[in-house]
Amino acid sequence: MRVGVLTGGGDCPGLNAVIRAIVRKGVQEYGYDFIGFRDGWRGPLEGETVPLSIPAVRGILPRGGTILGSSRTNPLNAEHGVRRIRDNLAKYEVDALVTIGGEDTLGVAATLSDDYGIPCVGVPKTIDNDLSATDYTFGFDTAVGIATEAIDRLHTTAESHMRVLVVEVMGRHAGWIALHSGLAGGANVILIPEQRFDIEQVCAWVTSRFRASYAPIVVVAEGAMPAEGEMILKDGSHDSFGHVRLSGVGEWLAKEIERRTGKEARTTVLGHVQRGGTPSAFDRWLATRFGLHAIEAVRDGDFGVMVALRGTDIVRVPIAEATARLKTVDPALYAEVGVFFG
Amino acid sequence: MRVGVLTGGGDCPGLNAVIRAIVRKGVQEYGYDFIGFRDGWRGPLEGETVPLSIPAVRGILPRGGTILGSSRTNPLNAEHGVRRIRDNLAKYEVDALVTIGGEDTLGVAATLSDDYGIPCVGVPKTIDNDLSATDYTFGFDTAVGIATEAIDRLHTTAESHMRVLVVEVMGRHAGWIALHSGLAGGANVILIPEQRFDIEQVCAWVTSRFRASYAPIVVVAEGAMPAEGEMILKDGSHDSFGHVRLSGVGEWLAKEIERRTGKEARTTVLGHVQRGGTPSAFDRWLATRFGLHAIEAVRDGDFGVMVALRGTDIVRVPIAEATARLKTVDPALYAEVGVFFG
Amino acid sequence: MRVGVLTGGGDCPGLNAVIRAIVRKGVQEYGYDFIGFRDGWRGPLEGETVPLSIPAVRGILPRGGTILGSSRTNPLNAEHGVRRIRDNLAKYEVDALVTIGGEDTLGVAATLSDDYGIPCVGVPKTIDNDLSATDYTFGFDTAVGIATEAIDRLHTTAESHMRVLVVEVMGRHAGWIALHSGLAGGANVILIPEQRFDIEQVCAWVTSRFRASYAPIVVVAEGAMPAEGEMILKDGSHDSFGHVRLSGVGEWLAKEIERRTGKEARTTVLGHVQRGGTPSAFDRWLATRFGLHAIEAVRDGDFGVMVALRGTDIVRVPIAEATARLKTVDPALYAEVGVFFG
Amino acid sequence: MRVGVLTGGGDCPGLNAVIRAIVRKGVQEYGYDFIGFRDGWRGPLEGETVPLSIPAVRGILPRGGTILGSSRTNPLNAEHGVRRIRDNLAKYEVDALVTIGGEDTLGVAATLSDDYGIPCVGVPKTIDNDLSATDYTFGFDTAVGIATEAIDRLHTTAESHMRVLVVEVMGRHAGWIALHSGLAGGANVILIPEQRFDIEQVCAWVTSRFRASYAPIVVVAEGAMPAEGEMILKDGSHDSFGHVRLSGVGEWLAKEIERRTGKEARTTVLGHVQRGGTPSAFDRWLATRFGLHAIEAVRDGDFGVMVALRGTDIVRVPIAEATARLKTVDPALYAEVGVFFG
């Protein structure tokens, strides 16, 4: 039995922990061979591989990034993509494929598995925690921890000086990082993409906070938008994946708050710092258990499924179901934390 | 409506976050008054109180410890304990009591609530994560993070020198901290109280690890015991709560491993470092949500219940049920991580 | 003997450690009384005070910010400023003043001491480390540590993806934070205010780095400027102190690098995160020793001096001399670290 | 020109940063070849080498440990030790040797250089900071930071419960780590090897601290000893280097304090956690600059010297002079921090 492994999509602490667990258990308990495919779906598409064995995964548990590389290549958009993948799997005598990635990477795995009979098992990965069917994805806890630490540090400045401090965190479509780090950091305003914000309300919270002799901290997800539909980014710049550029809304907010309240405002944009570096203990635990259960699914011949966290259990769910819709912040939960605003 | 709040038992990061959430929501959304009782059950027993208001809880979210103080006083063992508590609650016009604590503190709350009709709501707290009915308790993630960071640091020493490194972590009756930090830290042996260890097997793992040109890291819960029933602690010393003294088994293991394998071994005993300091973001989130839901239970007049985490939801369970038995590490889960031993 | 204490200028981890050391030693060893002046020079100017005693400084050592508050008030610009200060010192029976601050705050102390005979002792404070006459100022090590940790985290992203990562750090006039954190973090380009940069050269380093199969990390001080004199900030916005707004040059660089090299670039702007939170152990040591020696200078009646670090010794220097010129990065030192560029 | 590099003695964060700087500058600026010798002096003695080039040192800056391995082998005690080293240097065509290590490693380098004309340059390394002729050695700041963080965490426990907390830190012959971390952490008692302690005085401080409603934290260097000359360790056990075993004095102190004051005491023994893991930013800066200046000394043909920190400058001093005597804590400095005791 030979198992292929690939990692796709954006960077996320915990990828190496998954790879290590898969290989360790696959080799030791089941006697499997492994082969790594380089750079997500580009690996099986182009036939680019890396050796994968117990020595190769030694010491990688605490390391961020992925030893297999990653890309956003979508083989379904490539000419003869499915056939080329099938041919390469045959060429390298790969009997099953563990695919670690987010919505896009897993979406391909679902199609290959369900429509073409290519035996795939999925491991969910998104720093944004916006994948349905699993309580949490690894990388999220690390990102929340980093953002919370930054907010913690801003509190002393908020105490000493009378400035508004705006922190822009990741989250283009879902506000989980903003919500968790904002709550954990004791932010006074939290703005998420799921709910357009009213800049007047934000300024009212800011002003009321100053009356309590304390400067406000505003946490804003990069995808949050003002209600009145005005363009945040004058230059409308986009990155190469078509997403609006990082660091837009934080700067915009700081300027608007200054203009409307007369209070000075400063911005921190954490950017990729949130997705790099060593994973938190929670993420290493989750990623490792995902890996152990993914290789168990391979052994069971249970393809087309994805491992998922439910409470403290790892379960299996159909990949297609898991990637069907984005898990966004429930309005009731957002309302629950609203007691800390202002 | 006036609500009393108390914290009992050992130190645990997140206690202040619970208190803050209770007060913040109670005052702002329900218009309640609050009163703090000092030092766990000693407060209502002796009538010792502290003021509790929104200004009093400002800035305490990231701080370890508890602004209310704590103790292990059990009022059920005190003369006229129940009557004195009832009198003091009447004296201070307290309509409901939120009790934050572990097995012992909550056990009292269950008795007072179920047998004497004193309106209590419980919030579970144990750094050891050994309370049934909740997926996790706050403080645990912080402790695991601290232990994992220590293990991470030992790896470079393990690489450079040929020494066995033993890390003793908390856990007298349950091995959760050892299991999670050992897995997250990439330990080569993890020993827990739930399963007596065979020192010969430990030495075999240690020796096999050296053959892979790498020095082993052994994580041991303070309550772990060797199989052969020999006394670990020659002096049999106990602390004032009747527990075996900290730092016994780690030292014992290091000496035994040295004696049996001829390899030098060194011990790290983290001790109370694990239960102090600022809570992790995860623990602040959990503690805050526990607080918000506890005061909701008060508003609903739902007494005798404890808030608990199930997946990503906060639910209510009967206190008595939750404290009925210790949640120990499932042998299947321990077996699952055994693939990383040796 | 009654001693007044004030803290002026921007936030800086370690201020509380200085205050604690001054009070602790002053009370215990010399039997002095203390009085705190609120918000820098505004305190003695307006006669606003806070009590200062051993209980008041308990527990503040690890806390960022300043319990005395701060401001940028310059009493020399206020009507009858000197007279009002003299009157208030007389009113509160203050025999000596310890002034903790940067260039501006200490400049006032020098004038009051040298020209008006008001007995001041100075303690140097600048997160930017740009004060002459002392090897280091406290706060700097903390800021460098925070920036280095951020750069560390970016490395895994740099490895996995082919993006340029730009980190903007503090330093309007001096590049010390950029230089130290860039070197410690293993940055591939470090840009400082002391030397205008050639954007072509930056792009050449970026491109050469990509050829080594690794994405470049560019650390830029907020005050760094391109050689060709073009305006970095189209909108020319300034903050309330007349300084160019934060987060300008990082964004500008990322856009220019993208435009010129065709590589995607992302920016992290740490902002005030660098000046908040708990001080590093080094800064606590330095701040504490500054405090101990400042109160010794008071006891010696040695006014008009500032404490300073020389090697491992704390010495005294005339304040006027210390604030005479900015300590900028020596070109030879900048050249020394250039071996790591590209 | 071919340069050999070796690292000797105990683990110390920053070793890899030195190696990287030496190679980077040696190759890029001077066009030198490099060869690594494995495991300290064992490398040139046995002729064991590792390749050393720019790719070999990529990414090692933040990593603890040493890619060259280490040992305590003393070639002067080996048969024909000097001749074998000379032969191996000739065999590998090594023109100069950079030796990174502590007293022992550098002592050998001094002898080989001064007595036998073998061209050595030294780089000082000791986590204990006890080497004369340099203000600081790298690794020390990291160790102090780790110990300080542990003490910080103990404070909340000290606040909530009425226990004495004892922290044992490294330092067999010099109390620098205890002094710096104890001061930075706000310890109430600091005990160092340079001055025998009076257990009665320690208990008096402990008791006075309790009267201030706060539990005491005692920081003790592993080499500290009670005045009355009684044996701390009943079993008198020693490690393989003849040193008294770790974790002796901390446990002893806790038991004695309990016995004499009736207060419960708990011990934390940090052990090797202090010498592992990623170096602090300060240590990376220092280690890197040591490396850059060491290779400059090689280029200048300036052998028998060691690089050293003086203020913010890197200077050269004769190795023999630097290793002549241990740098211990000055009694005046110890007295200075005594104001915080009790």
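In this document, chain identifiers A, B, C and D correspond to the written order of the chains, with residue numbering beginning at 1 in each.
We take it that a contact is a pair of C-beta atoms (placed from the backbone, for glycine too) under 8 Å apart; a residue touches a chain by one contact, two chains touch by 3 or more.
Here the structure is a predicted model, which is why all the values come from computation and not from measurement.
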Problem set entry | For subunit C and subunit D, chains touching each | none
For this session: Name the chain whose C-alpha centroid is farthest from the C-alpha centroid of subunit C.
Result: B
Problem set entry | Chain pair repeating C-D, as identified from B-D, A-C or A-B when over half of the contact pairs by residue number coincide | A-B
Seminar exercise, completed: Per the C-alpha centroid definition, the whole-Å distance linking subunit A and subunit D comes out as 40
Seminar exercise, completed: subunit A to subunit B, mean C-alpha position gap in Å, rounds to 30
For this session: Would you mind pulling out the distance in Å between where the CA atoms of subunit B average out and where those of subunit D do?
Result: 35
Exercise. What are the residues of subunit B that contact at least two other chains?
Worked result: 152, 155
Problem set entry | subunit C-facing residues of subunit D, complex | 24-25, 28-29, 58-59, 61-62, 135-136, 141, 144-145, 147-148, 152, 155, 180-181, 183-186, 214, 278, 280-282, 284-285, 288-289, 292, 310-312, 336, 339-340
Exercise. Along subunit B, where are the residues that touch subunit D in the complex?
Worked result: 10-11, 13, 63-66, 69-70, 146, 150, 152-161, 163, 165, 237, 239-240, 246-247, 251, 255, 264, 266-277
